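Quick one: structure below, then a few questions.
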Amino acid sequence: MDYFIELFFSGLTRGSIYALIALGYTMVYGIIGLINFAHGEIYMIGAFTAFIVATVLSIYGFPLLAIVVIAGVAAAVWSSAYGVTIERLAYRPLRQAPRLAPLISAIGMSIFLQNYVLLAQTSDFIRFPELIPEFAFMEPVAHIVGSSDMVILVTTAIVMIGLTCLIKYTKIGKAMRATAQDKTMAVLVGINVDRVISATFVIGSALAAIGGMLIASHIGQINFYIGFIAGIKAFTAAVLGGIGSIPGAVLGSMILGLTESFATGYVSSDYEDVFAFSLLVLILIFKPSGLLGKAEIQKV
Amino acid sequence: MNDAPVILSVEGLSKNFGGIQAIDSVDLDIRKGEIVALIGPNGAGKTTFFNCLTGIYTPSSGDVYLSNPESGKKTRLNGKKPNKITEIGMARTFQNIRLFPTMSALENVMIGRHCRTNALILGAIFRGPATRREEEGIVDSSYQLLKKVGLHKQVNEQARNLSYGAQRRLEIGRALATEPFLLLLDEPAAGMNPKETEALVALIRQICEEGHSILLIEHDMKLVMSLSDRIVVMDYGKKIAQGTPEEVRSNPAVIKAYLGEDVDA
Amino acid sequence: MQSGLTKKLLVAAVSLSFAMAIPVAGMAGDTIKLGVAGAQSGDLASYGLPTVKAAELVVAQYNAKGGINGKKVELLIEDDVCKPEVATNTATKLVTDGVHVVLGHICSGATKAALPIYKEAGVVVMSPSATAVDLTKSGDYSNFFRTIAPDDAQAEAMVNFAIGKIGAKKIAVIHDKGDYGKGLATIAKGMIEAGGKAEVTLFEGVTPGAVDYSAIVQKIRRSNADAVLFGGYHPEASKIVSMMKKKRMKIAFISDDGVKDDTFIKVAGDKAEGVYASGPNDNSTNPLAIAAIAAHKKAYGEDPGAFFENAYSAALALLNAIEKAGSTDQAAIIKALQTESVDTPVGNIHFDAQGDAVGVGFVMYQVQNGKYVVVK
Amino acid sequence: MFPVKELKRSALISLWFAFLTFPILVVKVDPLERIVQWRWSNMFYIAIGSFVLSILAKVYMIRKERRDARKKETAATEPFAQRIIREPRFLYPLAIACLIFGVSFPFLFSVYQTNIMTTALMYVVLGLGLNIVVGVAGLLDLGYVAFYAVGAYSYALLNLHFDLGFWLVLPLGGLLAAFLGILLGFPVLRLRGDYLAIVTLGFGEIIRLILENWSEFSQGPSGIANIPRPGLFGIDISFGGGITYIYYLVLLLVIFTIFVVNRLQNSRLGRAWLALREDEIACQAMGIDKTKTKLIAFSLGAFWAGLVGVIFAAKTTFVNPASFTFLESAIILSIVVLGGMGSIVGVIIGALILILLPEYLRALSEYRMLAFGAVLVIMMVFKPNGIVSTVRRSYRFKGHAEIEGDSHE
């Protein structure tokens, strides 16, 4: 039973990280219908910014709590700045273009950002400072659930609730929902669609940055390539849950995380990704719009 | 007229979308050579009815049978795919025009010939005599159809560049290319000016005289009254009346359904 | 308008042919051309770039002395991204550019793809890091040498250490699914099973880049292993090691040369403490190694990366062989490599008939107080 | 000539970029030595660079607007490339010139150049194959590389275990890939757009992971070496000769592919694919069997990937799973989109650009991939429809010389 619980929590941790990244995918997709392949790179840049800021602060002798807060805020700010800039440069000019053009632009952006960080920083793996301390009260269960797992789970939960409130109750949230449903109508009722799209990129990027900081602190290392795999997985999770749906992204991420964890635990980690992708294919065969995605009724 | 063979028979057709009854046990027979109009206020379920007949939606209950007037072969359509139904001999046009926008007018019609021709990969690559003959046949008959719908001067024009009326006519031409014995027209006159509508009426008559039966949805009452042999009226998914134009015109249920709308216009 | 179009066409055609022709112009001149091939971009760049720097340092040193037999040494640096299909292009490019000897490639797969091309062209190749056993022992590649010991020698050192020194009875063999890691792990597994003194309780690959390794670590614990043998590189190793520490596991972690790298200690930090790794003989007191590292720090302002010493040694060995042979003829260089010993940062080495360096063996290291020290 | 307002805008842009790149580009930290390195010069370069670039971009925009305005006044003119393709008078001589150039290539250039060109031509075929799936039939396939891998491993494994020769495996590899295409296509082709994309991506990864992990079958990540090059009636060819030989082989395959794809596009099947891309519902209503037509496109595309896969194995003489990553699929897709979806000439140009570019960018060494990514973005932003758009065939009928609309846009 212990083993099961261990795997369960490890799956949840994974799922939470996927969820933080998947939300960005799903929000952007919901609004402009674009698979933002550069989103994984935003996550990576968030992690790098957090690393740089945290290290500088620790060299100047700041206390841990201040470091965590400032690094987190800085990561979110700069990731959002990158997100908005990418949208402005690589996606906005292509809004009227054929469907695949922004996709290729996104792939190009992803390659560019990877190499940008590679050149500006380093090709090597670097050690990420431990921003999450080992809590004493977690010690009895540390062999099952670590402190950082706990922090990740709690943070993700808080972020999810915050995001839901934001989208449900705030003005910008309502504008986002309106834009996602019908862009032309949104313009007609006086919503500044450009600003809504930018806001979407800001929120999505900030979430990814928080995810990047948490996971980097959890596994203790980063390099310029981490965004790619995490991005693909998170994207898979978003599609699994029904791309465009926010609860779907969370559900999909958790299912993906748990599947991988249990597949590793009970079958073999050799095929953990095979399980993940097979699950995706299976679910989509039976539910072609993902778990919580709206089944499109063809208007004829 | 009434002893002509029934080619389409719909028995108790119903369709619901998650609790909403879009069509409620509708019966309908169409005989060979008839022009039948389906009318009713907006949201009455006319287009849904079309979609159920043509296989785009699967009916929730009821049966649809299509009989080939020549061979007399009767086929149950429920659950058949749209392309199969077209192959059996029923073709349609769409309320909101669905042409292939970047393909030329001719190519749009040529697509209609698809289900009556056979060439596949090897034929396309080697382009043997049989394939070449078939291809010539496609081009030829498609051109004739364009001529029939009056678009032979716009053969190579991209469909999206055609005028609204021309697009509607092209859709009819494309549907005819599948050699249907029953043609379903969904608001063929929508958006046309009086002159265009007049030409359309003539075209529909001509098509009917050439042996195609026609079922059409239309809001233009003048067109409906002058063209149809029979009119079927739907409201809230139910068939509320049917009969000759005169019968329908004086039916109180119909007038009630159209409350305020000028039926005689 | 028509003539305008024709003219435009003509201009386009001419400029196109010029554009294609430019890179063809080879560099003339009487130099010795040392090619350096390996991953210099992409996710494996960190394994390939140190080799470039090593070559630059060695060549600068030679040229400062006036070159080899009066000829300057010229570097031809080409990226292969560690991909076989790119490696064949890289190799062809180097051969076309008239390369005399090649330092590289970095990955075994890319090396295997490139070697037939060098072989046809009569170019000697020496890799600082390609450890696949069949590169030398299959006898397929007479022109291949390396300054790193092959996987089987390393696997043997690791297994002997785990069973003999640590006294492990149950061993979990983990790898990174990669060419190097999985190859090594497979050999080690075979050795453990053939030896009969211990059993393999788990043999699995982890996914590089996965966001979390706790599931596999739990699985290792459940397998009741008393030692983990890991085949792969340091990023995965440090993730597993820190996860094991977090899960309060205290069993021995024994890894390979891909982990015996200071970057591992830098990345894993205090979690690295106590980790065992096999690596080339201890060179920390070797004056050449000390000098090479110092030169690197001076030139690039940082510590050298992976396989730097092997690459530095390979560059020295190649240039020394050319110097001793007095020519760039393949047979002469091979003969010199096999007969003439040379002092390098990895020791005094020469090469056996198969191409493996004699004098390069493996010893076990342990991380103690943030440094790798030899376990006696 | 340049308004002050624009200068101010450019200054703001340059400030923004200075801010944006600040942590990554300016600060470099060493957590162990506890050193912070402030590289202020980088910020300076970025500020200047983005200022100049934004001005250049603005100038370009202004000019483009003027040009567009002028275009509206005069008759719409087709782009240069388009006009060449539409006019047989130009197209045929150009095609013949290309052919002559292609045939004489190994004599004009070095072995290395020939080798690179071979790779580029292989991607031309891959691009044309994927073009059937994505460009013509409109099915977004992000796992195309899986079929490429199937071809490559067919040759590697069949040769290893059964000693089958290149010429026998060439069609076999194609057929195996096509078969796999059908097998995969059945369940997934009813998915729409982006869902299909992610499933094919997943499928591509599954194939790679199986090759990587199932060592008993595929020799795992260490790959299969010493795959023989194709023979020529039993004659052993030297290295340089071998490269030239494979070059001609691939050139032949390119010509064959162009021929076939061209014929397919103007056939009953090709029209059905296009129609499917434009409107699935209408397509079905016109009696086209959606599933069957999609399956044919999917497996035909796979067939080509399989063919090139076999050649890949023979050319590289070594295969391992690392050659078949998602990035490869992305590059082939980029070729199709960049060149112009559905256009044969476009795909050829796209492949030549995207494959030759990184090779000739070698001079930029470590900045190579950075430049590559930037080029992809810039090309898409300035030419979102690809370099060459599709040209549909026009038909002429006797006695109707006055047919309107002969000119396409």
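For clarity, chains are labelled A, B, C and D in written order, and residue numbers in each chain start from 1.
In this section, contacts are C-beta pairs under 8 Å (C-beta built on N, C-alpha and C of every residue); 3 or more make two chains touch, one makes a residue touch a chain.
None of the values given here were measured: they were computed from a predicted structure.
Two chain pairs are in question, A-D and A-C; the one with more C-beta pairs in contact is A-D. Using mean Cα coordinates as chain centres, the one most removed from chain B is C. When every chain is reduced to the mean of its C-alpha atoms, the one closest to the centre of the whole protein set is D. For this pair, chain A with chain D, the centres built from the Cα atoms lie 29 Å apart. Centroids built from CA atoms put chain C at 35 Å from chain A.
Chain centres here are Cα averages; for chain A and chain B they lie 49 Å apart.
Between the CA-based centres of chain B and chain C the separation comes to 71 Å, rounded to the whole angstrom. Chain contacts: chain B has residues 56, 94, 98 touching two or more partner chains. In chain D, the residues that reach two or more other chains under the touch definition are 32, 213, 281, 366, 369.
Within chain C, contacts with two or more other chains are made by residues 41, 45, 177, 205, 266. Listed in rising order, the residues of chain D touching chain B in the complex are 260, 263-264, 267-272, 274-275, 278-279, 281-290, 296, 300, 390, 392, 394-395, 397, 400, 402-406, 408-409. Within the complex, the chain C residues that touch chain D are 5-6, 8-9, 13, 17, 20-21, 23-24, 26, 40-42, 45, 77-79, 82-85, 88-89, 92-93, 95-97, 108-109, 112-113, 116-117, 120-121, 132, 134, 140, 177-179, 182-183, 186, 205, 266.
The touching residues of chain D, counted against chain A in their complex, run 16, 19-25, 27-29, 31-32, 34-36, 42, 134, 140, 187-188, 190-195, 197-199, 201-203, 205-206, 209-210, 213, 281, 326, 330, 333-334, 337-338, 341, 366-367, 369-370, 372-377, 380-381, 384-385.
Remark: chain C residues 41, 43, 45-46, 49, 177, 204-207, 209-216, 218-219, 221-222, 234-235, 238-239, 242-243, 246-249, 263, 266-269, 271, 305 touch chain A in the complex.
Residues 29, 33, 35, 45, 48-49, 51-53, 55-56, 58-59, 74, 78, 81-82, 85, 89-90, 93-94, 97-105, 107-121, 126-127, 129, 232, 235-236, 239, 243, 270-271, 273-274, 276-278, 280-281, 284-285, 288-290, 296, 298, 300 of chain A are the ones touching chain D in the complex.
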